[in-house]
Every structure is written in C-alpha cells, then in structure tokens.
C-alpha cells in the first residue's frame, strides 16, 4: 500500500466519521485506496421494503457512499452529479451487503466510477455507475498540501 | 378522483404500512392516483452526509419510493429494474423534501417514471427516471379482481 | 411565440445547419422555443439493425440532438454530459420518428432535459433523460447580447 | 480461445453482416468472446456535430453496438433495454474510436455491460453501462443446439 493509498483510507474514515448516515446505516469501511473503496453494511429491519427484502434506495445509498469515498480519495473535494443503478437480485434481512467502487475514468474535473454491490454469497445485487465532479476544497486540510 | 385513483391510493398506503423504511424515513404519503404519487419526508440528522446536507442516497430513496407507489398503482405487482438520478441542489437538515412520480410511458410489462424531487421552496433537488417491470401477483388481493 | 422563442428557433436552425449529422440523418427541425425542441427523421435502411428495426443508437442520436437544441436555446453554449435512455418499442424502416425535448430543471450551469421519442402512431419508442452543462461561449454571436 | 469464444465471434460477425448500420458507420469487429466484444470505427464527416467533433449520438451508437455483440454472445437473443452514457472527451474527424464491452453481471434474463469508448491515444471518450434482456430465439440457428 502506497502513502497515497494510506491517505485515501484516512480521508474515507474521516468522511465516514462525519456522516450522520454512517452509524444509522452501520457502514463498515473495509478497504480502499486511490480511486477505489470497499464498504459494507448488514441489512436491518428498517431497510426493508414490503416484500421483506432490502429497499432499492438502500442498495443505491450503499453504492453512492462507496462512490463518495473513491472520488474523494485524492483529497480534492468531489460530489456525485449523476448516477445510474440496475437492480439484479434482492438482499435479505440480516445479509451482509458489500459495495466496491472503482474509478473507470478521470477527465479534468469529471470522474466515472463503477460500483458492484454484492451479497454474502458473492451474487451481484446491483451495478451502479456514477459521475462525480470536483469542486473547491479538500476533505482533510493539510499544512503543506502534500496530498496534491 | 376516480375509483381507480382511490384504489391506487389504497394500494400505496398498504405498501407504506408494510415497509420497514416507512417509519424509519418518516415517509408521508400525500397524494396519488393511477400512474402517479406524491410523497415527502423531513431531513433528519441520520440522513446527513459530512457536509450537513442530505445524503444523495436518501434523495434517491425518496424518489425510488415514489416510483414504487406509482408503478404499482394498477395493482399489478411491479419492481424497479433500473433508475438514474441527477443531483442538482442539496437539502438541509429539517427541510421538507417532496418527490412526485409521474408515468411517462407504459409498454407491455415495462413502465418509465419521471420523479421530481423538490425542496421546501420548490427548487429542484434531483430529477430521477426509473424503469419498472411488472412481475406476477398483486399488492392487494381482491375477491372479484375489480382492480383490473 | 415570444422573441426569445423565435431566437431559440434561430439558434437551433443554425446548429442544425452546421452539423454533418443533420443531412446524414435527415433531421427535420419542427418546432421549439426556450427550453424545448421538437425534431424528427424518417428511418432509413442505413439506420437498421439486423432485425430490420431502427438501431437503438439512432433513437438515442435523435433524442440527443433534440436535447442539444433545447439546452442551447438561451444561446449559452451547453453540452450533454450524461444521458440515460430506456427502449420501449422498435420503429420500422420508413417510419417517421419524433423527439420532443423539455427542460425539467435548470440549476446553475446544470440542466436536466426529458426527451420523449415517439413513432408515427404516437406510441412511445424510448424515453431519455439528459444532463447538460453550460460551457463558455454562445451559439450565435450578437452585437448587443440581446439574447441574454 | 475456447470453442464458445469462437462461436461468439461468429455470432457477432453474423449480426454485423445483417445490420444496415454496419457499412454506414464503418464498424470493424476487432475481437470478442463470451460476454465481451471490441469494435471500432473512424470518425467521418457525417458523424460530426457543429463543433467539428463527433456527435454524442455516434459515441452512444458505437457503445450500443458493442453491447449488442457482447450480450448476444451466447446465442440467446438479447436486446438492450436501457443504457446510460457519460461523455468525457470529444473525438475528432478522422480519429479511430474503439468500444470495448464487458459483462459485469448476468442474473436470469438480465445482463449488465460496461462499455469503455476510447480514442486513438487511449483517452476515455465515454463510459457506458447498458442493461440487456434475453428474449426468445437465437442469432444463429444450429442443428444440435450445441451453443447452449
């Protein structure tokens, strides 16, 4: 793991610590680096739709969170502008769900990230593609701006 | 309001009552009918990202919920297959956010729904387009299938 | 029709006249104004896939062209950043296909446009949602900047 | 290359030979196999927008064509249902543009494909994610159905 990857992890953990959704959703930051992240949560009762499976909004929310950690991994503050998701399989109550975001492209201030959302047995629950845009500022302010 | 619109509202309220996410998110079903729905919630602390504004995942979740009520409004059980969202403006803690879903097209078992997500002052927070697919079954089982 | 709508039409016709794709695709600019446009073409043999119906790429191309005229209608040069399309019904060789783009939202430099693509009998062939971004410059340079 | 990969290439070449768009766009099938394909074309004058760069519709059309060859590679007839594209960089007249489609997920009758569209120098022009659905029939009818 490079210094930049370590710094990317520090950024992600810092973001997670400031998010109200982090504890609400039980987000676990598992791994990551420059341009990618892997996070997970366990499906709770308050995430279920009327069929007793995970609400599509929560699959999106997990993927969108993974995107946020990946697109901010260089400490250039970035936000999601647009995202698309395809739902392939439901997740059940109590199941661990993992989202892995990977940078597909970075062009100027725009980035594209693919996120795979998988269930405990590795089956694909949803695939997600998001478009980020770099705005002003940093996630972690550093004295010597070493991160750029 | 036609009988079919009244029945669409009954279906939506029934769905909401069975969702674990309904009370968790504080979903308020405001209005609806055949092919459309309008719902809202108020942004709570556990919906906030690190900037103190609503997490994109929660904007999607509200839009996706509105889609679910609209695409099931004929009592033919339907699920979202795919959805896209563009984020335009953040919402703040305590702000009421409204999602209005409207049927754009219905072709065989596929439906397309546009959802506008707006803030208290009417500004557009996000626009969403979702693709639904009708599967087997009904939301409310009726003796005489009057709803078809 | 307001002066701004007339100017929007002039901008669209100017754009069309400069596009290599205009004559290649037989684009007909039918109507438009500030924030919207309606265009059409007739499905030709060189637009067909192996099933003898219109290639999905050409349905997208027509919708994307309608978006371009709508998002540039204020003479602030804009480009599509992202777009999503759902395919609902095929079009046949010789059929006239129409795309109508309407502005759903405009927030800062970002715009969202919904485009309905319909066949001769009015059936929905595809629905499209595109995200535009305003860049520098104008489509038509005017002495007195009356268009702003 | 496995027998299945060889058969996938045969299917793709067969599809291309039946498409009116193939010669119109100058599609070159470069490589492929089960679940993937790589194709290219050279940007011609009739593909240009008013800025003298490739029309976004043509970038989509190339990506959508690559998707078609990838999602039909098992000889189960499939069609695109929905697709999203993000535009990152323009291509110029005379430039060779390549689209590489890869299967991200396959679940029942639904498939998800990511397509990278690149320029001659390898820069990313667009990223595309498409959702396919298997319908009845095959691309190539075989005596002994060996392809299943």
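The chains carry the letters A, B, C and D, assigned in the order they are written, with residues numbered from 1 in each.
Here, contacts are C-beta pairs under 8 Å (C-beta built on N, C-alpha and C of every residue); 3 or more make two chains touch, one makes a residue touch a chain.
On a predicted model such as this, the values are computed, not experimentally measured, just so you know.
Visitor: Sort the other chains by how far their Cα centres are from that of subunit A and give me the top one.
Guide: Following the centroid criterion, the farthest chain would be C.
Visitor: Tell me which has more C-beta contacts between its two chains, A-D or B-D.
Guide: The greater number of contacts lies at A-D.
Visitor: Just curious, how far off is subunit D from subunit C if you go by their C-alpha centres, in Å?
Guide: The mean C-alpha positions of subunit C and subunit D differ by 24 Å.
Visitor: Just how far, in Å, is the C-alpha centre of subunit D from the one of subunit B?
Guide: That pair's centroid distance is 34 Å.
Visitor: Would you kindly tell me how far, in whole Å, the mean C-alpha position of subunit D lies from that of subunit A?
Guide: Centre-to-centre distance between subunit A and subunit D: 29 Å.
Visitor: Which subunit D residues sit where two or more other chains touch them?
Guide: 81-82, 84, 86, 110, 131
Visitor: Using the touch definition up top, name the residues of subunit B that touch subunit C in the complex.
Guide: So the residues of subunit B touching subunit C come out as 82, 84, 86, 88-89, 104-105, 107, 110, 112, 114, 116, 123-124, 127, 129, 131.
Visitor: What does subunit D use to touch subunit C in their complex?
Guide: By the definition above, subunit D touches subunit C via 15, 18-21, 23-24, 44-50, 55-58, 60-62, 64-65, 68, 79-87.
Visitor: Touching subunit A in the complex: which residues of subunit C?
Guide: 81-82, 84, 110, 131
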